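Once you scroll down, you'll see the structures, which are given as structure tokens.
Shared between the two complexes below is chain A, which pairs with chain B and chain C, respectively.
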Partner chain A sequence: MNDNDCGTDDTDSLKTTRNPNKTKAQETLTRSWWSLPQPIRHIFDRFPLVTYPENELPQRAPRHQNENVLYIFQKQGPQSRDGPSFNPSCLKWQAYLKFHGIPLRTRTSNNHASPTGALPFLLPASQDPRKPVVPVPANRIARWVVSQGGKEEAVQIRQDAYTALIDHVIRSAWLYYLYLDEDNFQAVAWPLYVATTSTSYAIRASLAHQLRHAAREELLKTNTVIDGQELYRNAEAAFQALSTLLGDNKFFFGQTTPGLFDASLFAYTQIILDENLGWKQPTLKFALQAHGNLVRHRARLMSGFFSA
Partner chain B sequence: MADSGAASEETIFQLLKKADPKELEQRQQAINEKRHKTFELTQQRLAELIDQNSTLPTTVSSVTVLGASNTRHGFLKRVVDPLLSANRSRPYTQSELIHEVANAATRLRRFGIYHEPISVYLDKPAKTDPTTTPTDVAVYYSVKERSRIFAKTGTDLGNAEGSAYANVQWRNLFGGAETLDVNASVGTRTRSSYQALFDTPVLSNPDIHFQAAGVQSATQKVFASHEEVLKGGWSKLRWVTSTGSLHEIGYNGLWRQITGLSQNASTTVKSEAGDSFKSSISHSWSADWRDNPSLPSRGYYAKTTAELAGWGPLRGDVAFFKSELETQSALPIPLPGVKGDSGISLTTGFRAGLLYPLALGSSPNPEPSRINDRFQLGGPNDVRGFRLSGLGPHDGPDAVGGDIYAAGSANLLLPLPKVGKDKPLRFQAFVNGGRLLAVRNPEKEGPMTHQEVKQSVSNAIHELSNGLPTISAGFGLVYAHPVARFELNFSLPLVVRKYEEARKGVSFGIGINFL
Partner chain C sequence: MVLELHIWGPAFDLPSIDAQCLAAVCYLRTCLPSDGWSLIPSSDPTRTPLGELPALRDGGTWVAGFNNIVAYLRDISNGEWDLDKDLDENQRADRAALSSFLDSRGQPLLDLSLYVSSDNYLNSTRQALGAILSWPSSWTIPHQLRAKAKKRSEHLGLGSLDVDTAQEDKGEDAVLTAHIPKSLRKPKQTVSGLLGRNVQKNKFRLDGITSDFFEPLLEALEDEDCFFGEEDSSADCLAIAYLALMQNPELPQGWLKDTLRNKYPKMNHWNRTRVEEAFGPSVDVDMVLGRKDGLTSEKLVLPWRIPEKRTLPQTLQAVLESCIEPLPVLGSWYAISDVGREQSGNIDRYHTKQVRLARLHRRREIYFQVLASTCAVTGLAGWMLYKGMLKFPHRVLGAPKSRSFGQAGALFGLM
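Moving on, here comes the complex of A and B:
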């Protein structure tokens, strides 16, 4: 028997008035269904007799500051508060929002916090701290930016094909590079994704296994066998194509300001070229360094949008 | 035994030939009757023996347990060894012997591995044996072992929760009254739960048990918009003292995951999402001197628990000291003019708890408490007249819990006219209330220093008595079924804090433990 079981719904489901509109709606509903006599209703309305101010939230609760908050994977510590995420999907949207000048605060989090099961997601600013706002998942951030007055991006010719290069070819190589290469996994993925979750070795080992298993499953969706060298060769070819596409332009497709495509590529080039991460088998780093314009593209965005 | 005669034996043989269930039942009945008769006869013989020889010096030369083929010799030896005169300094008197023999039988019974009753026979050892003395008796216990495996499946339909379960129990696993209990259940709120529990008496003593368990569960915490997944284990030593109070001391290692957040989960709950490992030692003490635990009319119940997590070598991801106190007392109220028990009683309950954050390992600052370690308060089983976890700090739709609480209740129970005081049905009028507060530093976000924690805890304790507690009052019916207590109440909130979720009207509660 469950000894902290809860009650069924009451006949008169008046709650302590938090939202007057809702209570009014409930009242009309209750009236028609239960037709509580008016005098009793008046008596009910007198309770509670005393209402004190609210209880304060615990120390771990974030203090409300009425601003847009992007939940991402991010290194802990005050100096990296505004730094780039170490996760490509998070960094893509973090960069995109910055490119559009959206005032933003990032919060270090993990996939469990996300309504979709994966970071990032955006929690728009709200006036009332106690009223929950609907989170914006990653795939709706672009639309949300437009709704906030951002400019809609024109789709360029053949952009889809190039986006596919990043989202499939480079991503596949990336998954292998980070998760399945044993040395890189221990040197980079472990401290970033595993060690931050718990101090318990058993939990870390279990999560590490889950991560690598998921990466393998993901790669097997599009490849019959996982051949790391093949994935790296494809990525090299993709970098070559993207380098040719960028040419001598500052940003892709000859734009004067960076857009979603720049964010998508930057999400990978920044992390691959990040000197702080200590890659043990820097295959992709070398492949990328062969293309000076891509390296400069990353440096340009880094200094333009992420210099503290 | 021999005097039951050849005639009855013949009928038993005839019965054996046919094996239809009715016959089997009758046969079983015949066996039972026969055993009962033997038992009665033995009792009678014992009574006579005692009468005639109550002060006669007696020694026990041997103790035999019959029918315990699956029980370890060493295990039984520890139970019966104290009986043997070889282990005693002086002979028994006859009446002492009977007393001691019965005590050992009670111990055997309490392991729960034998069918009731356990029969005892006393016999004179054969005079031809040169090692025996004239005062010697031999003690025989005749037991029948219960089936060693027991399986059960079923459904539970509780309040706002439905579940299906399967349970398999292995008794007397290694021949020392060890039990392995494997339980699996799926439900609407506790989405899934698996538990394997191993229990063994320590040193053949039914008062001391060691338990170890592995658990895995996923529970929907609707009051705070998330699901908690638990994986881990615990072990504990539990023993009953001579005064009847129960002690438990144990270690818990649990991997907790706050996951599956709902769309509109508050930022507080969002910040709690993820993994944590709790490594803790705990102690609990409870004593129940009530006449009836679910509907007491007199007596006293007290329980204290203390848990230390993450401190020093315990490590893990959370560090705190957590302590809780729970008491209930019942007082019969006599009615002038009514002789004996009036059936009217007043029960009062009090609960309080504190979670004190500690520093983890080499970290300089104490760890702020997490939602799965904090207390929750409110609901039909504690502070009635509120939703489940309706009291304390709320962030939007979520009850985020508190680090310190106190709650009390006073219930006046009256028997119903016509039904009478002997039925477990009462009318109750109650008033109950409490506070649940968070330990926090209003000036700064993030971890607090030791000094700030100390200050914040003392502020919170001070705040407990600031103004009236959150209170509700009401009346209703109480039905104390042997399995659980049922309450149907009508209540109204008198004092609330903003955002606390009171409930006006009728509510229903099922449980074992009520405030």
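Moving on, here comes the complex of A and C:
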């Protein structure tokens, strides 16, 4: 606007210099009392001196608004962009969304970024770029998939019981395996969860303490005294039961496509069997490798949905 | 060798107030001859070396927890005392799944019903616990159990059943309402009104949670008498125990009992008959705990034995421990939460854990005694210093060293 005003004023002034014969009354009409004096106007005409390019969007601004973005724990680096998460609950939903063929982009994040305080969460693709999208927390992802036209999974007979086996027995053993076993914590959990967040020693130490304390508290809810060997023995029995349940089928409960139950188990088996994580005390890994069909189940899902 | 089963004491006409203990009682009764074991309602986890009930004592070996007891009985009898021995592979898998389902879903439901819900806790559960506990545990343990139950059922998001916290929230509002003129204020909410409103709000959630528990159980039972085949398995014992504690107590907020009776009458009936088979007629608390005679009569179905009375040092120890445990830093340090990593063979493992725990306990106690005596000595010395009974030995200052200036000093009279 200012530029324009100045431009018109400028042409006016040129006209006045070209036509000196014009009457004084006319001049007083065009030049009101408030208009700028000539020399100052000349100075302002030079502005803007430089026009900078536009700033980039802030880092937290959603980049891919027309895509579904799942925020998970994930290794950084270009080759693992689509790779499986190293956190069981993230991997479960990542796998579930992939099983249902939902187009997806994953982004590395951490718990502090999540609206619920825990990863994963999903930012659905927005139809209207001006409206902010509502994030979908983990416990509503299954419902969201149905709303997107995915088929609703029927709950199989005894599925609830076997889900308890994964969510209760295997999870307890996993918590001990990753966090409370000192060697494994230093070898696996430290580089994945602690070292990536900060370079400051104090923050790392306090974060590591928080993680282990949380795991301990979680286990003390159901155990009076935490006995790692007992947890591992229970997990072995659980793997045995799941292996019997799977039998020679491709997927659980004789389904032709993998479902939520396959995703829940895959979330643990993938991470336990992952060769890239250097477990120092691979108790659970050995326990799982005793069951060939569970290992093949994991390999099948890995090659079918996570081929990078 | 007579096996001893130590459990939480009887309540609500059942042999125990705890589901795991009930399941253990049911399992031992089905699997062992009645003269092969005795049942002791000691209600004191600190008296077992593992710090947990139910605990089975076989001579010098202790085993705690239902699943461990089942495994131990199988191991020492070469598979004879094993209710699951006739199951095929698929049934074994189903049994493992069902057991973990019962533990992980049943326990939070019981926690909500017996402990979290203020009405039920204050009017029923606390009295029941008070009847089986001796001083000073009767003052501390009910609160501890409730705190633990709240933690366990946190994920269900029904904390508002607990009126204590609801009232705390109300306290914050009171500051705001002080500015509102009296005529415009809403009438004060009574506790029962608050509870009634909360119960309605919670009803939908409760319905969801209870059906999540009962539906799969009903599906697994399929009109049969037992979950697997004709015979009882360990999963049956667990199911009977959990359902009995949902069905038997007469609670002010009886939503769990009502749901079971109205929506799942078949399961209700099944459990009622099974409970009678398993535990016999209702249990007299006073008689079992030795406050009343009559325990020797033949009518009793279960092999009860009166728990030993606490000796004076044990009571003192209990008082001391109940004082230490709530302390913020010291308490968590004093409690043992991890037995550490130690591999051991098949049957030795029970003993190894116990030995390790005993060693840890001993070590903590020594540390604690050292700490306590240091504090006491420092305190006493400080007090005596303050009172002037104790004095620091004053350094006797010798005569000031005189500087002699030799002959010149003598000349000027400087000594």
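Simple rule for what comes next: the second predicted complex is superposed on the first by the 241 of 308 C-alpha atoms of A that agree within 3 Å, B and C clash if a C-alpha of one lies under 4 Å from a C-alpha of the other, contacts with A are read in each partner's own complex, and residues count from 1 in each chain.
Convention: contacts are C-beta pairs under 8 Å (C-beta built on N, C-alpha and C of every residue); 3 or more make two chains touch, one makes a residue touch a chain.
For clarity, every value in this text was computed on a predicted model and none was experimentally measured.
By the touch criterion defined above, A:167 reaches chain C but does not reach chain B. In the superposed model, A:130 makes contact with chain B only, not with chain C. Residue by residue along chain A, chain B and chain C are tallied for touches, and B comes out ahead. When the two structures are aligned on the shared chain, A:113 is found in touch with chain B, with no touch to chain C. In the superposed pair of complexes, A:244 makes contact with chain C only, with no contact to chain B. In the superposition on chain A, A:49 contacts chain B only, with no contact to chain C.
In the superposed model, A:197 lies in contact with chain B only, and not with chain C. Within chain A, not a single residue is touched by chain B in the first complex and by chain C in the second. Against chain A, the residues of chain B that register as touching in their complex are 158-161, 190, 255, 257-268, 270-277, 279, 315-317, 360-361, 368-371, 374, 379-382, 387-388, 392-397, 400-403, 436-442, 445, 447-448, 456, 467-468, 483-484, 492-513. Within the complex formed with chain C, the residues of chain A that make contact are 157-158, 160-162, 164-165, 167-169, 180-181, 216, 220-222, 224-230, 234, 237-238, 240-242, 244-245, 281.
Within the complex, the chain C residues that touch chain A are 45, 50-52, 64, 67-68, 89-90, 92-94, 96-98, 100-101, 103-105, 107, 148, 151-152, 212, 215-216, 219-220, 336-344, 349, 353, 357. Chain A contributes residues 1-8, 10-16, 18, 44, 47-64, 69, 71, 107, 109-110, 112-115, 123, 130-132, 134-135, 197-200, 202-203, 206-207 to its touches with chain B in the complex.
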